[in-house]
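First subunit A sits with subunit B, and in the next complex the same chain sits with subunit C.
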Partner chain A sequence: MAEKPKEYWRWDEYNWRNPDIDWRKAKIITAGVDVGSVSSQAVIMADGELYAFANMRTGSDSPNSAINAMNWALEGTGMALSDINFTVGTGYGRVNVPFANKAVTEIACHARGANYMYGSTVRTVLDMGGQDCKAIRIDEKGKVVSFLMNDKCAAGTGRGMEVFANLLAVPIVEVGEMSLQVEEEPAPVSSTCVVFAKTEATGLLRDGWPKEKVLAAYCSAMAHRVISLLERNGVEKDFAITGGIGKNVGVVSRIEKELGLTALKPRYDTQIAGALGGALFAKALVEKGTKK
Partner chain B sequence: MIANYGYKDGSGDFFVIIDTDKCMECPEKPCVAACPENVLEVMIDDYDDEVLAVREAFRKKVKYSCGPCKPAGKEVVRPCHKVCALGGIKHSW
Partner chain C sequence: MEKIKLTIDGREMEAGLGSSLLLIAREADIYIPAICSHPDLQPGGNCGLCVVELAGQEDLVKACETSAAAGMEVYTNTPRVKEYRKEKMAAILGDHPHACLTCAQQEGCSRTQCSSNVSPDERCCEKLGNCELQKIAMYIGIKLDTPRYVYRELPVIREEKLINRDYNLCIGCGRCVRMCSDVRGIGALQMTEMQGKLVAVPKNGSLADSGCRFCAACVAVCPTGALMDKAGRCLRGELRRDISKPPMPPESWLVFNEENVDKVPGVEGVLQLLDEKKMVLAIIGTANLREALGEYLENEKISYFVYEEEPMYTSRESQLIQQFLQKHGRLPEGVGDMDDLF
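After this line comes the complex of A and B, so read on.
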């Protein structure tokens, strides 16, 4: 039997629970479910504190992805879906979360999630998601002041990075570190489209470029591309990055260098920011007495 | 809030920039009716404010939908700008 090709793009799917919280003592249990084009997250909060979450790949349809993520977040907690007072759906599949009480845009959710994850000093949030990237300026409460979203092509996104990991046969979690192992920074790949960038990278490999150098050229192009979006929206300290690419040191360090700003270190997985913001919106809505 | 709807691609930056704080103070929202392509809509945002937005279906093609209102090289005022007394809408190109 033919061996299954290795999936270098595959990142770790997992769930997590805070052992220090007894959710049964909480007055308000809320949840946020972020169904993105590449990944889905469910976050459960007890009285506004992060209690549990799950982070997994989005399946073939949004409703099932939402259900699977939520079931995984609930796993081992003793909590049932009916124990959750209010759920907010977000992400591109936000209107297809069957058990959600309300849908909120991912821009507003990332803003609020980043405020929780990084603290009230954050003013600029860059969300580098699976298929889009968003530049968001926020106030001290995590409310959006301005935003810009680019979802027209996959360059500068998690999906683009997955394509490159597979092309170069480098596990996705190693891409960032590997891209930094170059003595001199190469020129960024010139294509902004991931399809053309892939063709360009194939040509560079054929010309004898080592993988490190090709990855450096791609990470650099990705950084350069998002900087122009950030600058159009305005950049103010403190700065933070959410989304899957926030874990890629090769892209993050190049963005920091070009911006002249150091990104805040995340307290949690950068991929849960949207769902976390959703759970916080849900709490605020419960407190306001708004249901459905 | 400043909302930038549109995109950046190999041919340039194409964003419709809306200052929703100004739109909140504008009860008639005449730009919606003035738009020949039906690009604009009034919606309730995540903070329960009634604001102006670019319809979802146009966000990846504003270069083309807004193109006829200001042909390249011509100094004309777009219809949505013309009716807006508060300066709530701008285009990046």
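After this line comes the complex of A and C, so read on.
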């Protein structure tokens, strides 16, 4: 039997729990579930504090992804789904969260999540997700002021990076570091379209370029692409990046360099920002409901 | 004026003998597309889009040039009329860059790069989203065999003060010429032929040499991006107010009530909720249009709604919100359900 090809694009799926919090003492328990095109996250908050989350790949059907992520976040907590007072679904598959009480757009959730994750000084959020990226400007309460998204395709997004990791046989978590190991920054690949960039990269490899240099050229093309998006929407300090690409130092450092701004360091996994925002919306909705 | 009776699309109405069918229809809020006509000008009679069908008459007639007669039965939207309009529109578009009309990304495009790989000369002009020709073409529909646009390298003049001209975008409707001579009484413009295409040009080469007063009334009536003022600096306030806006294709909004909501299919799509001034309050992507609307029936802020069926409703929702933002510089106000949460 043929050996299964190694999947370099695969990133670690994991769950996390804050051991210092006893959820049984909490008054309001809320959850946010972000079903994206590439990854799904479930976040559980106890009285507005992050208690547990899970981050995994989106399966072939959204309802199961949402349930799987939620079950994993609940794992080991002793909590049951019925203990959660309110759940908000978000992301591109947000209406397919069967146990959600309400769906909220991912733009609003990422804004709110970034506000929690990075503090109230954040004004510009760049969400680099699996299939699109959005430049969002927010106020001190985490409310969206304006946003702009790339409207086209996987160009300059997480899925594009996965394709590249596989092409170059570099584990995806090492892509960023590796792309920085170049003496001189190469010119960005001329196309950010995944299909064309892949062809171009294959050509570069054939010309004898080391992997590091090809990755540098791709990371910088990606950075370049989102910069134009950011600048059209306007950039104001503080600046933060959410979404999976936020973990790729190769792209982040290039964006920072070109923008002349340092991105804030995240308190948690940048991928959970959307689900986190969802859980915060859920809490606010519960409170609004009880006030009435 | 002597009054006569006629019917348009089955609606009986009274009109002055001799007024044009186009004017009568507009008075009655019946939309007939027309691009060479403008409310402030005599019709040009050259676009052919305003054709209508008369009962008992074989040939279609132009509504702008046909006078009302007693007992006339006019039909503005028959299959024959629609087909003819499409053909006329195809002829106009054959000589006007139309990537903006055929591109799948035309709405919500970030304009930072072109994903359809259109050659730079033929890309969307600054009027994208705010273009009369674009709106009318969308209303009429674009024929599958619309000729491919070939760039003719006609002059693009950006050197003159206040007004930019791009002859490649001119469709020869002649509105600007009529505005300049008939309304403003200056007559700095005329029609001429350039590579077999009719375009409006200054009489003596440059605008300045042709007696142009740079009032930019021509810019205000241009249905395309052929005439553009530089950052809206010309066209003094009172003059801008005096120039009418041409009627636009009707929007498909519905009155927000239980009866209309029940007619909406229970499928995936995007909703726009509007207030009594038809201002968009919220844009909502949903897996079930009818159910989502039902949740808001009690909401008194909402007077009208628009829906479209769209399986990719989440991305379509983002597109529409982004378009709204670009147009108004802010997000939709909301319908109150998410207010004061934080």
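As a convention for this text, the second predicted complex is superposed on the first by the 288 of 292 C-alpha atoms of A that agree within 3 Å, B and C clash if a C-alpha of one lies under 4 Å from a C-alpha of the other, contacts with A are read in each partner's own complex, and residues count from 1 in each chain.
Keep this in mind: a residue touches a chain if its C-beta (ideal position, glycine included) is under 8 Å from a C-beta of that chain, and two chains touch if they have at least 3 such contacts.
Because the structure is predicted, anything quoted here is derived from the model rather than measured.
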Exercise for the section: Answer with clash or fit: subunit B and subunit C placed together on subunit A by superposition. Expected result: clash
Exercise for the section: Quick one: classify A:R206 as touching subunit B (first), subunit C (second), both or neither. Expected result: neither
Practice task
Look at A:T105 in the shared chain and tell me whether it touches subunit B only, subunit C only, both, or neither; answer first, second, both or neither.
Solution key: both
Exercise for the section: Considering only touches as defined above, state whether A:S228 meets subunit B (first), subunit C (second), both or neither. Expected result: both
Exercise for the section: Kindly classify A:V144 by the partners it touches after superposition: subunit B alone (first), subunit C alone (second), both, or neither? Expected result: both
Exercise for the section: Give one of first, second, both or neither to describe whether A:K27 is in contact with subunit B, with subunit C, with both, or with none. Expected result: neither
Practice task
Compare subunit B and subunit C by how many residues of subunit A each one touches, and report the one with more.
Solution key: C
Exercise for the section: Report, in rising order, the residues of subunit A that make contact with subunit B in one complex and with subunit C in the other. Expected result: 104-105, 107-108, 143-153, 193, 228-229, 232, 281
Fill in the blank from the handout: As the complex stands, subunit A meets subunit B at residues 104-105, 107-108, 143-153, 192-193, 228-229, 232-233, 281
Fill in the blank from the handout: Residue set of subunit C touching subunit A in the complex reads 105, 108-110, 112-113, 115, 285-287, 314-315, 317-319, 321-322, 325, 329-331, 338, 340-342
Fill in the blank from the handout: As the complex stands, subunit A meets subunit C at residues 91-96, 103-108, 112, 132, 134, 141-153, 193, 225, 228-229, 232, 280-281, 284-285, 288
Fill in the blank from the handout: In the complex, the residues of subunit B that touch subunit A are 1-5, 7-10, 13, 15, 45-47, 60, 92
